[in-house]
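Questions regarding the structure given below will be posed in turn.
Should a chain be cited, it is by its letter among A, B, C, D and E, assigned in written order, with residues numbered from 1 in that chain.
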Amino acid sequence: MSALQVQAGELLASGKAEVVIGYGEGTRGRVRPVFVRTRADVSLLVFDGRCTANLTVYLAKPEVGRMGKAAIVATPGAVRSLIQLIAEHQVDPGEVVVLAADDDAVTLLTDPAALEAYAAAHPVTIPPEAKAVTESLARMSAQERRAFWDAELSRCFKCYACRSACALCYCTRCITDMNQPQWVCVAPHALGVMEWHLNRAMHMAGRCVQCGSCTSACPAGIPIGLLAMEASRSVEKEFGAQAGLRCDAPPALSSFAADDRESFIL
Amino acid sequence: MCSDPGQNMIKSAIKEKNLTGVVVAACSPRMHEPTFRRACAEAGLNPFLCEMANLREQCSWVHPRTDATTEKAIDIVSMLVAKVKRNAPLFPIKVPVTRTALVIGGGIAGIQSALDIANAGRQVVLVEREPSIGGHMSQLSETFPTLDCSQCILTPRMVEVAQHPNITLHTYAEVESLSGFIGNFTARIRKKARSIDERSCTGCGECVTACPIKKIPSEFNAGLGLRSAIYVPFPQAVPNKPVIDRGRCTYFQKGKCRFCETKCPAKAIRFDQQDEILDIAVGAVVVSTGFTVVETSFFPEYGYGLYKDVITGLQFERLLSASGPTLGEVRRPSDGKTPKNVVFLACAGSRDPAKGIEYCSKICCMYTAKHAMLYRHKVPDGDATVFYMDIRAAGKGYDEFVRRAIEDDEVRYIRGRVSRVFERQGKLVVKGADTLLGGQQVEIEADLVVLASAAVANPGAEELAQRLHVSYDGHSFFSEAHPKLRPVETNSAGIFLAGACQAPKDIPESVGQASAAASKVVGLFSCEELTREPVIAVVNRTAPPAYSTCAGCFMCRSACPFNAIESEEIKGRDGQILKTLARVNPGLCQGCGTCVAFCRSKAIDLQGFTHEQMYAQVMDLFA
Amino acid sequence: MRSANTYMPYPMRIDAIIDEAPGVRTFTLKFMNNADAEEFSFKAGQFGEYSLFGEGEATFCIASSPTRQGYIECTFRQAGRVTSALARQEVGSVLGFRGPYGNIFPLEEWYGRNILFVAGGIALPPLRSVIWNVLDLRDRFKDVTVLYGARSVADLVYKHELKEWGTRSDMRLVTTVDPGGETAEWQGKVGFVPTVLETLAPGPENTVALVCGPPVMIKYTFPVLEQLGFTADQIYTTLENRMKCGVGKCGRCNVGPVYVCKDGPVFSYRELQSLPAEY
Amino acid sequence: MTTELTFEPKIVAFVCNWCTYAGADLTGTSRIAYASNVRIMRFPCTGRIDYNLVLKALEQGADGILISGCHPNDCHYSTGNFHARRRWVVFRHMMEYMGFDLRRVKFAWVSAAEGAKWAEVVNTTVREIRELGPATEYTELHRKGVA
Amino acid sequence: MSTHHGVLSHQNLLKLLSGITAGGMELYAPRKTGQKVFFDHITDVREIAFDPLPTTESPKALLFPRVERLLSFARDGESMRVDDRCADLMPRRVLFGTRPCDAVALQRLAEFFADGIEDMFVGKRREQLVVISLSCAVADADCFCTSAGSGPGDGTGSDILLTASGGERYDMEVLTDRGREVLATFAGLWDEGSPADTSGYLAVVEPLPALAGFGAKLAGAFASTVWKDASLRCLGCGACAYVCPLCSCFDIEDEGTPSKGSRLRCWDSCGFSLFTLHTSGHNPRPTQTERWRQRVMHKFSYMPARFGHAGCVGCGRCSRACPADMNLREQITMLDAGIALQSAP
């Protein structure tokens, strides 16, 4: 039994968790989320390099919530998102146990301080593909960037897998589903797609923990996470606030500093 | 339209056509929105179903008579029609009122306001930064145009304040912060440590005599006299209790001395006294923090304050004052001799865009005439010369007063600006032009030069304004809500202005405004409840299981400048928490809508400026 | 000639607006083209998609009777984007209407029978179409009874018609409001619809019951009728699932193997029993 | 005549009630003439201005946007403009990242006393937008991807 | 007509496709971006991707576009001018590179939209669409076409079916007049052929035995508890529905202002939480459990009951697209077993 399986078993046996949300073997060599409720089933749990999806997204699901106190197998990205969820009052730190997994090590994190320490010790890693696109975007002119996003977003049919896979897209009603007024065009035409992704990026500003889940979820292969990441990074660069590091962090966007940049204002 | 016939037209249209909304295409809503909303209300239409299309200030007055202007006018009206179709009837919000007023600043304006409010039977908390109330008026010798003694008319008022049962006086104290809203403010007051137990102190003055440090320039005497480290600012101070200037006191600086303590018969000295923080609930605030004058160092052309015998008008007041450093004799600072040639420079700094003070300080013409006159009375063989730009003596008895100075007291008025004051062979020379003589250069030797230096806002006025959430103008004077129609209110409901903190004023004007502010406060306090504008943010509520589109992230909380966001728990039948939502305290919300723009799920909306209303305006513009 | 485009509405103009209850309005709509008016016909129970250009479509039943031609009426509560926009319209405004869609109440099969209408709140409109249809062909039916209830007196719709029905000798009208919803002047009954129905105790013999109301009313009314001896075939209702297309394609109103818009909205209680409860 | 010469841009101004709107009123009371291309929308505070409204205006055909409110520290609500400023920093960054032309969205602090500045800001904006020509990058998105 | 047989080389196929674009007909074919393959308007045949597996997005957009203008309107004084688009020319299009399962799906989709009140848009597009499919030489673990009423060499729904028969050469079946018309212009590029047994070139698709009788079993399984566990990891996105060649749920929305705008039809999904939400707040399918059940029931129980075939052709796209690995093959097998277990005495 792996260390993860042992720890998960103990949590279930001791009643510290009633369900362990983890990764299990899926089809076609992929891994998938599994919900382990009995000690016997801990053998389903795996953890390796394929496990990148951010499982904290399931904490907001009512069906999962009804299963009782959860332990969650978390990548560093998921730990950050959990911290962010705590900061945004979406998760009660007392109601979730974290099995932070990274390569071989599994660390049990049960309080905000431990989560924060873990997040601090595991900085954001940007996948090489994302890095390459970011670098090429930086070299582009505005028109080239427009053309790049126009082409990429033309594949978006608004299945909202990006939103569904995102732990921080927990809104009771997403702005794109509102029609009084119709902030975002329903249609997945170029306009509606642009509005949706720009809104998501703005909503992620100062909140995106760069876990990469939205990009991996996109069935159309759009590097969609770049937008949210960029919004969050601009907040980091401009205002020095990084998401997912402190459980009591104030919202970065709805805060301000008297000397925030205003060179663009006449 | 704003005239009675115009309003009646609207009223009858509402009734005849059964209107459900009104757009008045006329002037700025900042001007007449309340007028028309009231007219609608009188016709039975909810006033918030009325909007104004600003066709005057923002269209006809700024654009020529062209088709493009007409198009713009049509757009403006059309946008407001689109908005008003989505307006909802709103109803005033009732909030309780704490019937205690806070008056900040104990000069003549603050004193007058406090007394008026207190005499109307309401509680007043008067906070003064200095150790005594009295302000600038207590420094003046005589007052124009009657030449009665300033102290004589002020002191009884100061005493009345001290003894009034409805007034709580905090001197040597400052307002640290002001939270809450009209009717329900909390003022945090820092009472600086006086180092004296005020209750025990009898005001005998033994300590002052005992203090070995005596060569501190006296603030009260505008630097012309001296005081000790433990001191009473002036003999008639209220309260007449000393204060230790810890920055100058040997004990506080070097840890040794305590002479005053040994001499105090009442054992009232408290070296270990701490600043005291008081949180006081008040319903209204009168800001009467006054002004200051620019120092002589402000004027490079007059020697940057290097010449001891170039002084400000305020310093000259102290030289004239019987309680001043010279006991009322005019003696110049450099050598104590009686000056035989005194030159008064009016508009020193004022009305001088190059110096950044474009405005007229308003009081200088009058007090310069007074100074020259009083000087001539005290030094009958002296020459008084006044350089002036023009004489502004509008006011009851004012022009007569100036004429008396010129005609009876033979003060020489030269119309012209002074370009330089310099020293020549140990004597001051005032160089200027006489514009009535075609700009002819004149040079006048002077024993004393008195600058009618500009009245400016107090240092720190901006910071105070920010703490009080009131706005201020480019010169840091506090802004009234409307220059003509709401001259004593600020844009923050429940906060009023009195005296020279708003703009330079003389005594009668300050007192008049102070009484006006007091009457506003008394009016506000006439009811136990006050009605507020319903333009506030509201968190939506929907059917279960969502209860609201609010997800409870509380991003709005950090966006709110007024701490108006609270949390609300939705509980199930058995008491378990189903959801935690944001809730807006309708008493605290001021309706800025900052929370609204931050809310990702649009759960908060601002009544009167709703998402639907604003969106409809944008869409209509391009329809 | 009708357009080959299924989604093409008839242009219609609002001819009259009646405020029925707080947030509830009735529009009388007239065809803008005579040819449309002539071509158009419908039967009681059918519905349509009413549209406001630029805002979208909303699904309501046709609340007027097919016996009254040249216009249609709809009654709606202001709630969503389209209904809110509709509520901002005035007499003379142009709307779109496409329909009629859906199946019908088989009135012809019910000639010679007693008809019992049970309606609650804003669900009277679908039955109003049938009520007027029956009243206009009064001699073909036996006893006609209408039981209508609302949360409060203010919430009753078609107040002027209720007054007329109340005075007619060829039908019986019973109105009721929920406890607490009555006013001092209220002359009708006070109580929930199922309870009032129980005391009314209409006989099931040769009777058809048409029931329309909020889900909770339906839930408690069916058992009362069964208790009174009505069989599931004698009870009819309409389903009000969310719809977009009205022609069985968009998928929204799919409940089990049926599309409510195409196979409904009229269902007998018997038919309903065979469907999953996803409505 | 070429279209460049006849092109009159339509500019939507989103302004706060207490400073810029009052400032624009002052421009009027001072009778300072300025370009009539601007349509003013009054908000209580810059903090209330939703970037989605800006986006909608551009999509609907605005050639330029002007967002204006109180100078820092002068906000009637004390901090609304600070919040707005931070939001605009990010919004501009994202617009730029997606390749939109930032020159069409202008920002200015205009106080209630700056009637002349308002006229100048509007005139400058109109002149610059006129040089840029009609905005198409948003409006053309309406058609893309619709069968 | 009777099936016509021919053979052509890969080279000539490309020439033929080039000829189609040059001749003014719009050509749609798979194009690859990164790892994903989409049907796209092709102007240069070198851009066509000949990936062996079904494309990422199905070709359904050729009949049922992601966004489609149902009508447009403009205020005209007191009335409204409405353009019903009937006059819009739906150009003849050639769709190349569909797999047999796709072609079957296109046919079923067209049937669905024609049922009852016919949908003009889909109908007209279908009339004008020439489908040239490629038989499958490869299947992956997500495919189950042979159990879903199709197969790797099924010509149903195609106008022309090409089967790669080794050596850069295709066996061609011309199945319809429309197919023959297209080919007529390019007579020199292909040779007459005779019926050939292509089965040796076709993929072997792993059967999905659970599918047999699955519909009948589902009919009684609405209230079963199997749905809850089966749907637990479903994220509720629309990826499966949007890549599916047969999912046809849509939304109708107006865009623009009351003065000028369009009524649009856009894809929608029964998996979205708001799909069935009533304005009152009542939602007949409140959680993902009910929504996943609807998806499965609709495809494998309701559709067969109504149309005689499932709403699924076993292309496997949903399984490949799902971010939570909701594998349909596996789900069917698991649900089948679960239902069987529950209904056992």
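What to note about this one:
Everything that follows uses one rule, which is that a contact is a pair of C-beta atoms (placed from the backbone, for glycine too) under 8 Å apart; a residue touches a chain by one contact, two chains touch by 3 or more.
Small disclaimer: the values here were computed from a predicted structure and weren't measured.
Traced through touching neighbours, the fewest hops from chain B to chain D number 1. Listed here as common contacts of chain A and chain D: B, E. More contacting C-beta pairs link the chains of A-E than the other of the two pairs A-E and B-E. Each chain gets a centre from the mean of its Cα atoms; the one farthest from the centre of chain A is B. The chain with its Cα centroid farthest from the Cα centroid of chain D is C. Nearest to the overall CA centre, using the mean of each chain's CA atoms, is chain D.
Centre-to-centre separation between chain C and chain E, using Cα means, comes to 39 Å. Centre to centre, using the average C-alpha position, chain C and chain D are separated by 50 Å.
Put simply, the C-alpha centre of chain A and that of chain B have 51 angstrom between them.
Multi-chain contact residues, meaning those touching two or more other chains, occur in chain C at positions 80. Looking at chain D, residues 51, 60, 73, 79, 83, 87, 142, 145-146 sit in touch with two or more other chains. Listed for chain A are residues 175, 180-183, 187-189, 253-255, each touching two or more other chains. Chain E makes touch with chain D in their complex at residues 61, 65-69, 255, 257, 262, 264. Of all residues in chain B, those touching chain E in their complex are 542-546, 619-620, 622-623. Across the complex, chain A meets chain E through its residues 26-28, 30-35, 53, 57-58, 61-64, 155, 157-161, 163-165, 177, 182, 185-189, 192, 216-217, 219-221. Taken in their complex, chain E has these residues touching chain A: 33-36, 38, 56-57, 66-67, 140-142, 228, 231-233, 235-239, 241-243, 251, 253, 255, 264, 266-267, 269, 272, 274, 287-289, 319, 321, 323-325, 327, 329-330.
Within the complex formed with chain B, the chain E residues making contact are 257-260, 280-282, 286.
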